[in-house]
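What follows is a single structure, written as structure tokens, with notes after it.
Letters A, B, C, D, E and F name the chains as they come in the text, with residue numbers starting at 1 for each one.
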Amino acid sequence: MHINVWQAILIGFVYFLGINAQPWLTTIGTHVIMRPLVNGTIVGLILGKPVEGCLIGAAINLPFLAWISAGGTVPMDQALAGTLGTALAIASGVKPAAAAALAVPLGLLGTVIWVTHMTVDISFVHMADKAAEQGNVKKINFLNIWPPQLIVFLMSVIPVALAVYFGAEPVAHVINILKGRPMDVLSVIGGVLPALGIAMNLRAMNGKGMIIFFIFGFLLTVYSGLPILVVSAFAAFIGYVYMTLYFKNEPTADQQDKSTD
Amino acid sequence: MVEITRKDLNRSFWRWMFFSHSNYNYERLQSMGVTYALSPILKKLYHNKPDELKEALQRHLQFFNTEPSFGDPILSISIAMEEQKANGQPIPAEMIEGFKTGMMGPLAGVGDTLFQGIIIPILLSFTIPFATEGNIILGPFAYGVLLLGIMLPIAHWLWMKGYYTGRQGILELLHNSLLQKVMMFAQILGAVVIGALTAKFVTVSTPLAIPLGRTSLNVQKKVLDELSLGILPLAVTLATYWMLKKKLKPTTVLLILIVGAAVLGAFGIIKA
Amino acid sequence: MHINVWQAILIGFVYFLGINAQPWLTTIGTHVIMRPLVNGTIVGLILGKPVEGCLIGAAINLPFLAWISAGGTVPMDQALAGTLGTALAIASGVKPAAAAALAVPLGLLGTVIWVTHMTVDISFVHMADKAAEQGNVKKINFLNIWPPQLIVFLMSVIPVALAVYFGAEPVAHVINILKGRPMDVLSVIGGVLPALGIAMNLRAMNGKGMIIFFIFGFLLTVYSGLPILVVSAFAAFIGYVYMTLYFKNEPTADQQDKSTD
Amino acid sequence: MVEITRKDLNRSFWRWMFFSHSNYNYERLQSMGVTYALSPILKKLYHNKPDELKEALQRHLQFFNTEPSFGDPILSISIAMEEQKANGQPIPAEMIEGFKTGMMGPLAGVGDTLFQGIIIPILLSFTIPFATEGNIILGPFAYGVLLLGIMLPIAHWLWMKGYYTGRQGILELLHNSLLQKVMMFAQILGAVVIGALTAKFVTVSTPLAIPLGRTSLNVQKKVLDELSLGILPLAVTLATYWMLKKKLKPTTVLLILIVGAAVLGAFGIIKA
Amino acid sequence: MHINVWQAILIGFVYFLGINAQPWLTTIGTHVIMRPLVNGTIVGLILGKPVEGCLIGAAINLPFLAWISAGGTVPMDQALAGTLGTALAIASGVKPAAAAALAVPLGLLGTVIWVTHMTVDISFVHMADKAAEQGNVKKINFLNIWPPQLIVFLMSVIPVALAVYFGAEPVAHVINILKGRPMDVLSVIGGVLPALGIAMNLRAMNGKGMIIFFIFGFLLTVYSGLPILVVSAFAAFIGYVYMTLYFKNEPTADQQDKSTD
Amino acid sequence: MVEITRKDLNRSFWRWMFFSHSNYNYERLQSMGVTYALSPILKKLYHNKPDELKEALQRHLQFFNTEPSFGDPILSISIAMEEQKANGQPIPAEMIEGFKTGMMGPLAGVGDTLFQGIIIPILLSFTIPFATEGNIILGPFAYGVLLLGIMLPIAHWLWMKGYYTGRQGILELLHNSLLQKVMMFAQILGAVVIGALTAKFVTVSTPLAIPLGRTSLNVQKKVLDELSLGILPLAVTLATYWMLKKKLKPTTVLLILIVGAAVLGAFGIIKA
């Protein structure tokens, strides 16, 4: 399908909003818009295909399940994978699993923008130091928002808009050539990639026992066929019992509550 | 005597929520976000004392970094300290600085684990299954609403709690077994849920068939499924986990997965 | 169907036996006969339709699941709902769920009889006081049984027998008029009422954690489709494990047993 | 010296079991049942002492109330005390009275919870499902047999235990972790079982369908069941529980349920 | 089917290897070959019907599930039941369950061989005592292996080979006569026998609580229909949770590990 | 000074593994196996001291019996003691003898329970189901491989651990909660697994039908299965367990089972 200039620019803007810790409800807002689940859907909306965007975004999101940014590190840029990836996938009519295989590597590219941003911003801090010497609060406030955000804005909107506008056709062409076996291989990759997100999450949880609970969840789901929400209701039950028994000898605010009601 | 009102506190809170990272940088990290958030309060406190205002601004422009939602009481407690200082209490600048740098690490640790490591993955696990069926409401929309509905109230509650109960209140919270209980509960929930996610979304099986005279042995159905359904997805996930444990970088692991899947897929050893 | 005089009187007598804490194996016997599950079946037996009585009695019993009489309070009179309700329902051929909706409110009526009983009985206590002064053991024993029981007997058998005998036809008539939509509404009510018995029971158990176990039981049943006996076998397993772990550090008679066998 | 035999004890026990409530009243509650049950023993103990007999009768005609089965050791221990008193031990009347009024509350509390709050509902939960299929044997009959088979032996065992081990024995029992263990086990069992009961017997669903252009959205199947099967019955039950927790009287709640169901049912918003 | 001399001798040799604690990887090897599951299959292999051997061996093995030899006691000789039983069953074409009913009693017979062995061997100990006085290490070593093993060899290979060679036909004949009702009764017995092995195992585990876990495993399997391996995965989960909570206050090497990784 | 090398230790280990029971007898049990296993080491240690060699041989020809795999560190520790003795340390013969007889009981107890009572039944439970479908690889073969793969490494590890950490190391192991944890875990696993085994392999039901007028009541389907599926197999197994608990000999129980099943089967009261 064809993508027009305005759509391309809007998609670039979605990417801008999804960059790690961007303003407009900083870490909170961006924990939402950064996720391909969300920005993929928005991109789909812009292109008039929200459901496709949702399906593809969800697929791209899985390998980023446990994406953690701590201390300013950004392991991969899922916002780029989500926005650009979804846009190109919709434009060339790829299935979600293959789309994920194609989009995830884009996440590696995006970190360049983040590093540049965090480097350039240093100069504004030094200006702020001077403003502080003069007690110029207004200037500090201005420096915190306008110059750095303008730069990120340009650095994010322009390249993404260009990539979407000019990239859609060639990518669709290449995809067309790949039909058949190569496309199947992409699906295989797409089917395996979610393992990364899950494994990273497991490691982030960091505790031997968690592997046991993880395998339990896996087997319960595989053999019962229950939906995830129901599995998680049972998990909550188990978690509650485990937690209660584990901490039973340590009085908490909670228990004191109990004894008085 | 200058007094900080609830309205002042709220204003600062939202400034912090919106612009903590707008000039995030490698030298001082969130320092400008902090100063931006606190500046209206500093202006009020040191209204007619330009020198003290300057000092305060410089004080908060120093290096600072924490998890913005869970670590925000550090800032509201700093506000309380600045208020007392402005009102003549003998609070040296070093005390405020020391407090900030002392607390930012621990709170970032707990906060990052709780939010990015547990709550967000759980919410994604709940909503992605709906999204893969094209359900936008129970998918991305529900994800966003639930996340904001959980994180914003926590952040706001901590901010207020910080100002009103001070350092002591926050330390108690950190060591209280309630927090530990919540963490343990959430971890178990999360672990089971991503196990379920693995079952639903990691897809890999083998089309191999071992020829046995006239018939042939379907490896997937007759060997692997006999041991356990979904044993390949589980194995792939655990292998990935093991690679990460061996300190391989995520990008390296990503590459290994892509190349591995491509090669095995191309040779028809595995399929989606 | 027609109900004759003797059946009506017998049903009244069943009600007499089912009043809270009546003699003939006082609290123990009446914990049995008081329950609509039981007296409904007996009423059915009297009317020659034991299975109908059983079905209706069971339905009426559910909202009274957690009926607790403590310190002489009687929240509702389930014996009246069970006996009179079942009799009238059988007479007019109502389905169990609708029968429950009609019978439960009768339970409110019955408490009047109980209150009267407990008030009138005071006078016999005063007579007993006098007998005690004279050391007249025989008289005290007589006063404990004959006068008060005669009064309850009349107070319970007569009104219920009358209500059954004269009520059956008009009730059947009204029910006949209600066929269709109104009857459906009664079924809706009957479907919701068991929630009351269950909720009262939950509250009587009194402990936050119990809600968690309750929801677990609900979900397990809904998703496994297992019969209640089997669910309760699993519940017993969980209860055993929980209890053992909870009390593991406190030696009990039980554990001392263990170590010696 | 007069001695109470096992036969005396049993006779008293059955008198209590049968007639504890036959003259139950607002002024003294079970006092006449107590006197009736103890009278043969009092007659025997104070055979030739009419004054002491009178005093004993008056003593036991005082206010008394407890859970008849679980609280019965109070009476058998009183028998033991009367026996010692009759045989010359210096036991003042106040001691017996004090003991009775002191113990009747705690034992009623535990007994009512255990029997009426847990064991009976569990037995009903086991047997009602059979009854709703018209099975009289496994339904009402089994209920009665099981209930008597559980409660009578407990009552009898406690009565004898009370007389022979005395106050100490009963107090030990009350504080022994065995009782606590049984209570906890029974509570968990009960909670799960009534959860199962809710699933089977609270029936409510919605026939609503939201028109969407040419097709329409079945709210029950496409929304509620997606979240959880049986979510309406569960919600109704929890809402009822919540109303009771808010201290609404059961009769009020009953009314709310009836009117609510009637209105929503009449407007076709819910169905059975 | 016909069994030839060499097959009979080989089967006798399998029995020799399967006698309690025989050499060639003593207790370890024989914990393997002693089991009817294993020696039944080997016998099947010798007779050219490995699958039948496997099926029958498995059936015979069940009642010996918890066979424990402690302090040299040998409750029953499962190796004889497994080898001779499988051989005769294959020869007469009996179904596994009936085969088990026939073979298990053979286990009683076999203990004679074991007792003889342990009695005769005493004499070699006395010879070894003398060798020790002379410091003759070589002789002790010889006495430990050759004389006793030769005796067991003869005592085991000969009778079993004879029984297999000459017994096959008569047994097949008898079995043929038993077809119909008597054979059904054998199947009934065979269906009940595994209870013995399981009950012995339960007792060996020795702990009240284990009955609860046992019943749980039974009900879970009966109502879920899951294969044993999957049930045991869930059991492992439960065991892990139970164990962790049970020992949570006692630091172990394991936990110290955890805290440092 | 004579030194025992790793190679010496390994040699002894395998001699023990292979020939511990080759001359097993009622008088001294494993004593000749012990002497056989230790003899190369004794020869080396007391190379030029024929008298001490004789004494050592006689020492180890004394009564000895333990679980060969789990109890093997007793022998490797004895080796360490003999080594020190040979090198002049003041170790009296009684010390070595006392150590052996003191340890052989406890280690046999734990070892027999762990291996024969738990691990072997579990492995059989895993593999027999495959065997009953004729799968030789996942059946008997897997059983053998898994058993050796578990027991041999444990035996070898303990042997080495015994020599190098000595008595202290083994005692610590025995009292360490790790061993208790493993035992508990294995017991629970085992109990559940043999429960599953009962469900799959104890087969008994009743063909009885109670005539009720024109129709008849299928006892299995309408009564027993309503209470619980598989209630007869479970009852038979628990009854067998109960007989064993009542100290009946396994052979007696075997007889009861055979005769009972035969009689009930012949009269058509039960079927397979």
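Everything below uses one rule, namely that contacts are C-beta pairs under 8 Å (C-beta built on N, C-alpha and C of every residue); 3 or more make two chains touch, one makes a residue touch a chain.
No experiment lies behind these values; they were computed from the predicted model shown.
Visitor: Please state the rotation angle, between 0 and 180 degrees and to the nearest 5, that superposes the Cα atoms of chain A on chain E.
Guide: Copies differ by a rotation of 120 degrees.
Visitor: Does E-F or C-F have the larger number of C-beta pairs in contact?
Guide: Here the pair linked by more C-beta pairs in contact is E-F.
Visitor: Can you tell me which pair among C-F, C-D or A-D shares over half of its residue-numbered contact pairs with E-F?
Guide: Going through C-F, C-D or A-D one by one, only C-D repeats the E-F interface.
Visitor: Between chain B and chain D, what is the gap in Å from one C-alpha centre to the other?
Guide: Comparing mean C-alpha positions, chain D is 50 Å from chain B.
Visitor: How many angstrom lie between the CA centroids of chain D and chain E, rounded to a whole number?
Guide: A distance of 54 Å separates the two centres.
Visitor: Quick one: report the Å distance separating chain A from chain B, using the average Cα coordinate of each chain.
Guide: Each chain reduced to its C-alpha mean, chain A and chain B end up 12 Å apart.
Visitor: Residues of chain A touching 2+ other chains?
Guide: 207, 213, 215-216, 219-220, 223, 227, 229-230, 233-234, 238, 240, 242, 245-246
Visitor: Give me the residues of chain F that touch two or more other chains.
Guide: Each of 226, 228 in chain F touches at least two other chains.
Visitor: Which bits of chain F are touching chain C when the two form their complex?
Guide: Those in contact with chain C are residues 226-228.
Visitor: Could you pull out which chain A residues touch chain B in their complex?
Guide: Interface residues on chain A, with respect to chain B: 20-28, 31-32, 35, 37-38, 40-41, 50-51, 54-55, 57-59, 61-63, 65-72, 75-76, 96-97, 101, 104-105, 108, 117-122, 124-125, 128-129, 132-135, 137, 140-141, 143-145, 147-149, 181, 184-185, 187-196, 198-205, 207, 210-211, 213-223, 227-229, 231-232, 234-236, 238-240, 242-243, 246-247, 250, 252-254.
Visitor: Looking at the complex, which residues from chain C come into contact with chain F?
Guide: It is residues 227, 229-230, 233 of chain C that touch chain F.
Visitor: Name, in rising order, each residue of chain C that touches chain A in their complex.
Guide: Touching chain A: residues 207-209, 212-213, 215-216, 219-220, 223, 238, 242, 245-246 of chain C.
Visitor: Per the contact definition, I'd like the list of chain D residues that touch chain C in the complex.
Guide: These residues of chain D touch chain C: 17-29, 31-33, 35-36, 39, 42-43, 50, 53-54, 57-58, 61, 65, 67-69, 108, 112-113, 115-118, 120-122, 124-129, 131-132, 134-136, 139-140, 143-144, 147-148, 151-152, 155, 176-178, 180-181, 184-204, 228-230, 233-234, 236-238, 240-241, 243-245, 250-251, 253-254, 257-258, 260-262, 264-266, 270-272.
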